[in-house]
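The following blocks contain the structures, represented as structure tokens.
One chain, chain A, links the two complexes that follow: it is found with chain B in the first and with chain C in the second.
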Partner chain A sequence: MSREKFQSISAADFFYKNREIAGFDNPVRATYTIIRELVENALDACEQYSIKPEVRVKLIDEGSSIYRLKIEDNGIGVPYDQVPYAFAQILFGSKYTLRQSRGIFGLGGKMAILYGQITSHSTVKVMSSTGGFEKYSYELNINIQENHPIIRKKEVTPNPARWRGTIVQFNFEGDYIRAKPKIVEYFRQTSVLMPYANIFFVDPEGVLYRFDRITDVMPKPAEEVKPHPYGVDLEVVQRMINASRSNNMGDFLANNFHRVGVATALNFLKSVKISADANPKTLQPKDLLTIVSRMKDYDGFQPPDAQCLSPIGNDLLEKGIMREYKPEFVAVTQRGASAYSGYPFIVEAAIAYGGDIPIAPPDEMTVFRYANKIPLLYDLHSDVAMKVIKKINWQRYKLEPNSMPLAFFIHICATKVPYKTVGKEYIADRPEVEYEIEWALKTCAREMRMHLAKKDRVSSMQRRLTVFERYLPLISQFSTELSGAPNQPNIEKVLKRLQANAKQVEQRSLVQTD
Partner chain B sequence: MLNKSSKEVLSKLTEMGSDISGQIERGEFPRLKLPSRTTSNIVFDEKLNQFILGEQRAERSASNIKQIRSLTQLLWVASFAKRLVNEGKSSTLRDLYYHSLNYGIKFREQLESDDTVTDLEGLLMEPREAFNIFPKERSAIFGDLAIEYTTPETHKGKKANLSSNPDGVMVGLSVAQAEFHECKADKVFVIEKNAVFRRFIEERVYEKFNSILIDTAGQAPRLARLLIRRLNLELGLPVYLLTDADPWGMHIAMVIIRGSANAAHLRELTTSKAKWAGLWATDIKRFNLPSFPLTKLDEQRIRLLEADMRYRDFEWQSELQEFKKTKRRTELESFSAHGLTAIVDKYLPKKLKMLEEME
Partner chain C sequence: MSREKFQSISAADFFYKNREIAGFDNPVRATYTIIRELVENALDACEQYSIKPEVRVKLIDEGSSIYRLKIEDNGIGVPYDQVPYAFAQILFGSKYTLRQSRGIFGLGGKMAILYGQITSHSTVKVMSSTGGFEKYSYELNINIQENHPIIRKKEVTPNPARWRGTIVQFNFEGDYIRAKPKIVEYFRQTSVLMPYANIFFVDPEGVLYRFDRITDVMPKPAEEVKPHPYGVDLEVVQRMINASRSNNMGDFLANNFHRVGVATALNFLKSVKISADANPKTLQPKDLLTIVSRMKDYDGFQPPDAQCLSPIGNDLLEKGIMREYKPEFVAVTQRGASAYSGYPFIVEAAIAYGGDIPIAPPDEMTVFRYANKIPLLYDLHSDVAMKVIKKINWQRYKLEPNSMPLAFFIHICATKVPYKTVGKEYIADRPEVEYEIEWALKTCAREMRMHLAKKDRVSSMQRRLTVFERYLPLISQFSTELSGAPNQPNIEKVLKRLQANAKQVEQRSLVQTD
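And then the complex of A and B:
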């Protein structure tokens, strides 16, 4: 008979032992995930503070399957004393509030560093500055069992140029050759949603991929919001009560929940028959349970609003797609804010036609999916977007996704993206999300149909002109042969009338499209 | 008829060209109006005793994308016709179609160029022979008729007798346009079938009945119809038409007498005094001829002819009724069942007498 040995493990230890769930299951996937996680942290460090991102990534082949990653951003920078925790302690971070950001717990970046430490037995070098008089360099390791940073080296130097940003460098074991297509595609698709960013990537073969800023406009950054009553559970409410200073339920609800004011709070309490004066800290567990379960189906709450979200917006989405794929036409649309389970979200979509957009191979479609500006490159066919695309009757819009050069872009931004798995690769089919995607795509499709119809009209006008230009000289020639006149009549006048006509048709079709 | 109008044709073509050129100069989309040839515009003219085109006009306008091509084609055919008439050359429909390939005028098939020629006929109110475009010749004439050629230049003034060739002489432009010099015959037999035409020559029908023989080889071509008309009008010869006893045969006779809907835009091709001398439906019984049941197609055709304006006369209607009743048809050759010469010895004298009595 053996005795079970109970022990708690640290967060770092847990992730070390379960690294496959976060996308580190093999060197190819790990290479992709590491670059992705660090690029996203870099972009978040800029965007959330309305800084136009300048992100430089360099991957160097050190031999024996070891690569050195160096990534530099011009973001807000990490304060001097926070650096060890921000880079070498799992589940520490700035992202614990509810607002749209790429990662939620700041986990991915540290997982990447942890993976690097394990596979290459080296330290992570971080240099950062918030733009003050000093910049500081650290060399760090993670104490896996204790989930605690180990500072190997620390150096503070003057910062006369007031440089601001963060540079991270570390080694890891990977396989760039095989990961390359996904990584390049990742950069490309990322840049589509960020036409306001400069992104450079130098790969181990020395090739520079550069995505240039083409606009100075940035979407408004997401604001932090309190949780909406639809999206909380017993544990969260308990913690909120512990942290709150309110000593009656009315104040507690009105102060701590998104879109709940005094009146809403009182009405809600009436419906659960709990006094507005009751002290939250002394509430019976039974009453607390009633409150939490009632919160999910009470219809008196205002829906969550979207100030915590940072959608791209039609203009930027169109610009980004235009820069990367140079389509002949792109129809973009942004849906109003909606919510699932108390988490607000907004769907943006675009359909692009022609230009560099290829005709999809048989039985496939060109679909680009994004969640909180992260391109999703895996598991397209499990994604709700694909389900919607298959459901829509494209013929009604005179579109043929299999034989026309069409690409679909779907961006969902949410305080919590309904991923189906931890790997963050595809979106679950929540009915609310499905509905929004469907209508976003249909709106784009309608606009696309109008564009194509207009193009048809204009090209048929063009064809008409060609026909006239071909036959009128012949008519003039034959009529002269018949009349025996010395000179052919001049067809210029008739042609001019035609061209004036063509212009009118074009303008009329423009008006119709508008 | 052809010679005297060639000047007229030329002036009509010139006028057409000046008209179009003028429209272009004024900055208008050039257009033409021609008689519509849709069935709704084909009406039977009681006075002329033939089909003519009604008042409806069809437009070919360059402002219409669907018509500009056919307008151009029509103008090309017109300019081609002008060249033919000017240079005294002739052409056929097939020849014209191939010629068009040199001019960037894309006819999809010969049917389309043929149709354009018919449009020009309608526009000018002249048959295409008037602008020297001729169909393939296949009809022949035999008989004691002396003619003098008027075309082509090489044969102008030369004389010929149409009994010189025992196979018959092909009815082409030159024969159809020739002047009639001397004619000893006093009637014309027009025969639908070459086999019977040859039998008539072998049996010296031209002598025994003092007649001119014409083989139409099926539906009579226009030049044959023109020649038949001239023989009837210019020489005053009575014309007897011999066809098979079926709805197709009787229609060959009818077209010679009252014209076709296809040529409703043309006049002066019909011979209204020509007589259909058989075979009639009633002849099957009368002469005890071998016969065959009517096909479905035959019966459909009969129903169509019943409603046709040209068939409204009593004799024609009663023949149609007879076909419907007996449901049988026969051919000219069927007389051979009674001996090789039966058609000449027994049928012709009896039929001519019958026709005489009916007058």
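And then the complex of A and C:
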């Protein structure tokens, strides 16, 4: 009987061995994931600091299935001493805070670089500057077994133009031909939510895909917030106590939790029968457990607010959809802030009709899903959005998603998106999220029904008018002849009134909002 | 403009923050996942060492949604000094080898314990012995921020009975009432593949679910193998070179790869134009890249063999299905070993008919999926098995999965199961795996069609016999009366021949194999 061999592995080694769970299943999927992860880091580096994004992506075919990716942004830049860790150490990053951002795992960009390293023996070249007098270049590898950066080269050069941003370049083994449809779709859908960004992509065939800025308005960036009591557990509270300087529970609660002030803190402590003067650092484990359990169902807390979120807004969402799909009509809506397990979220939705929107293939629907501005292109049928769309009785809104040129857009922004996978493919069905998506879609559907009904009214009015215009003169002529009257009656007045009527109906209907 | 805050987090912290990706979404799901992960560790600790498993699981309701789990196995035991790491350090384990096992991530059991710690402030109590003169008890916590075990207590006691195995106990916040159907189903389906195990589960309501051993035959345990050249990448080869004592490439290849001997190694090296005498440690990066790229498509390697796998076998699979579902008929098959990306795998399948197998609800089918003997109870519709089942034209086999009492069993065993999620919910659709599942099911379907056809023949023969038995005497009587003959003819001989005929058809049909 042999004995078991025990060993410890690094986080880098874990994700290296199991890279398919982060979206690196095969060269096709990897090509898509690599571009996506780096574009998202680039966009986060701009948007969170109210910088209008300029992101340039270039993919070059180097032969033998090896590609070179170069991506440049005008974002905040990575500080000099953080570059090696930010690009070559797994589970290191700036995203571990309670604030809406695309990245959350501190994983994707590094996995892309790691994948490049193991498939093409590539180093990653990073040039960055935070806009100071210097810019710096690094050439890095990842020591996978130890999860540490290896610095192959570094250089600091003057930055007289005060350039600010980051340029990342590396090689990887991929398959652009087969990944292309998803990649182009990814850029297109990304640009829909960012009409304020310039995004350029030059593909290995030399084709330039460009998505030009059409507005200078940006959504306000998300702010970091303290944790809400509904969303914490023992570990979080214990860490907060360790980090806190408060020596009484009243202060501790009022200083460390989102939307908890002194009065709320005192009321809460009264409800769990713990003194406001108790020292958090010497609290009994069972008292701590009582506090944390009670936090989840105490109804005296204010609900989380949405300052940590950065939704697109109706106006930008409509602009983005109009630019890309030129629909005949689009109904957009934004729900108020809601929360699940203490994490605030906002759902935005739109339904677009006509224009470049195709009629969906049989048994399918055209659904565009977004989470924190990331388009989700895989596993539609496992996603909560699809569940809701299937549940809604569309006939009630006189909509037929399978035979009309309709597209559904759903955007959920949250401090913590309930992804089911590290590869960010789809969203779990939390009841609160489901409810918000349902009502957002129903609001849009109602508006769409009114639009289509008006369109019907206008066209039936037009048909009626055509009938009158054709037959009224004939009727007038025949009746005159039959009655033997000398002159035909004046039908102009009747026709004019009908025309005026029709015009009015049409004009009223052209006003979208009702 | 604020600066970004960078930080590094431990692997434990990462999975703590993102526990939903490991199957800890909510108390219901967590209850299921915790039991499953610990049962699987217990079974692995037995089976891989040819120990017939005796696994006892007890779940006790402690009030306020807190449960206490106690699980005991008779497995190999965890060595004294490894206990703290094996139970309280994420990404530490004995499963990081090329060998079929349930666990692969070194994550599940620890995540269960971590979840207990953060929801109930529980320590985990572990008692273990490898069957020596001592047994040892630990009380542990996980330092999540550092990913280190904290030893609260430890004790070594004499073990005069030479008891061997492991007992794990801890508390967690859960919801057994709502998790119960999946948990009971999990035990039931687990036992189907293990008719050689005793598994007992006492639930919080005091109900005992027991699955008794019905055979002493066990599948041979899986052996560890070296990596196959089709399945390696630069990182793996580099690590092998670092660890190797070979000072020439010929030796290095022949000593370190699965199914590569000296002759194969020399042929391969010739094909990449690298000398067999070259020292692996001083190889140029571009030569290494050439070698690794060529390994994936060189056709001179033997395919991986299946000694590292431990399938159930037709006999045990049939026994297990018979015990649990008592079907009228079951067709089982095992495919030969195949491989994807250098990882060997074997597909086993069965189709069962009648007995306790229900007719599936409308638009559904009864499908039981297993991977390395783990039942997969979630995300059926994303799984490759479902894709194959939908693709097969069942009418060709005169089977109607929606209206007949049919159940499909699919078991894939592999050194690396292509899971799509850390929570091991479903399997990605690798073409090789898809192909094997398809042919396994078609083989079973053909056998099932023959069985049903025979059953038809028997029942139509029986109907015919009934008609003869009823009417032949009457016909004989009428004809005698009509013809005025003095005696009725002897119909006994005719009837006997018909009865003998029917019996023969029936007996031939009862022999299952054909």
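Everything below uses one rule, namely that the second predicted complex is superposed on the first by the 466 of 514 C-alpha atoms of A that agree within 3 Å, B and C clash if a C-alpha of one lies under 4 Å from a C-alpha of the other, contacts with A are read in each partner's own complex, and residues count from 1 in each chain.
By our rule, a residue touches a chain if its C-beta (ideal position, glycine included) is under 8 Å from a C-beta of that chain, and two chains touch if they have at least 3 such contacts.
All figures in this text were calculated on a predicted structure; none of them were measured in a lab.
Participant: Classify the contacts of A:262 with the two partner chains as first (chain B alone), second (chain C alone), both, or neither.
Facilitator: After superposing on A, A:262 lies clear of both chain B and chain C.
Participant: Looking at A:177, would you say it contacts chain B, chain C, both, or neither? Reply first, second, both or neither.
Facilitator: Neither partner.
Participant: More residues of chain A are touched by which chain, chain B or chain C?
Facilitator: C
Participant: Contacts for A:150 in the overlay, against chain B (first) and chain C (second): which applies, first, second, both or neither?
Facilitator: A:150: touches no partner chain.
Participant: Please work out whether A:479 is in contact with chain B alone, chain C alone, both, or neither, and reply first, second, both or neither.
Facilitator: A:479 sits against chain B, while chain C stays out of touch.
Participant: Using the superposition on chain A described above, determine whether A:85 touches chain B (first), chain C (second), both, or neither.
Facilitator: A:85 sits against chain C, while chain B stays out of touch.
Participant: What residues of chain B sit close enough to touch chain A in their complex?
Facilitator: 13-14, 16-22, 24-30, 62, 65, 68-69, 71-72, 75-76, 78-79, 82-83, 103-105
Participant: So in the complex, the part of chain A that touches chain B is made up of which residues?
Facilitator: 464, 467-468, 470-472, 474-476, 478-485, 488-491, 493-494, 496-497
Participant: Touching chain A in the complex: which residues of chain C?
Facilitator: Its residues touching chain A are 1-11, 13-14, 16-18, 20-21, 25, 49-50, 64, 76, 78-79, 82, 85-86, 89, 91-94, 96-97, 104-107, 117-121, 130, 144-145, 233-235, 239, 285-286, 288-289, 293, 379, 381-382, 418-422, 428.
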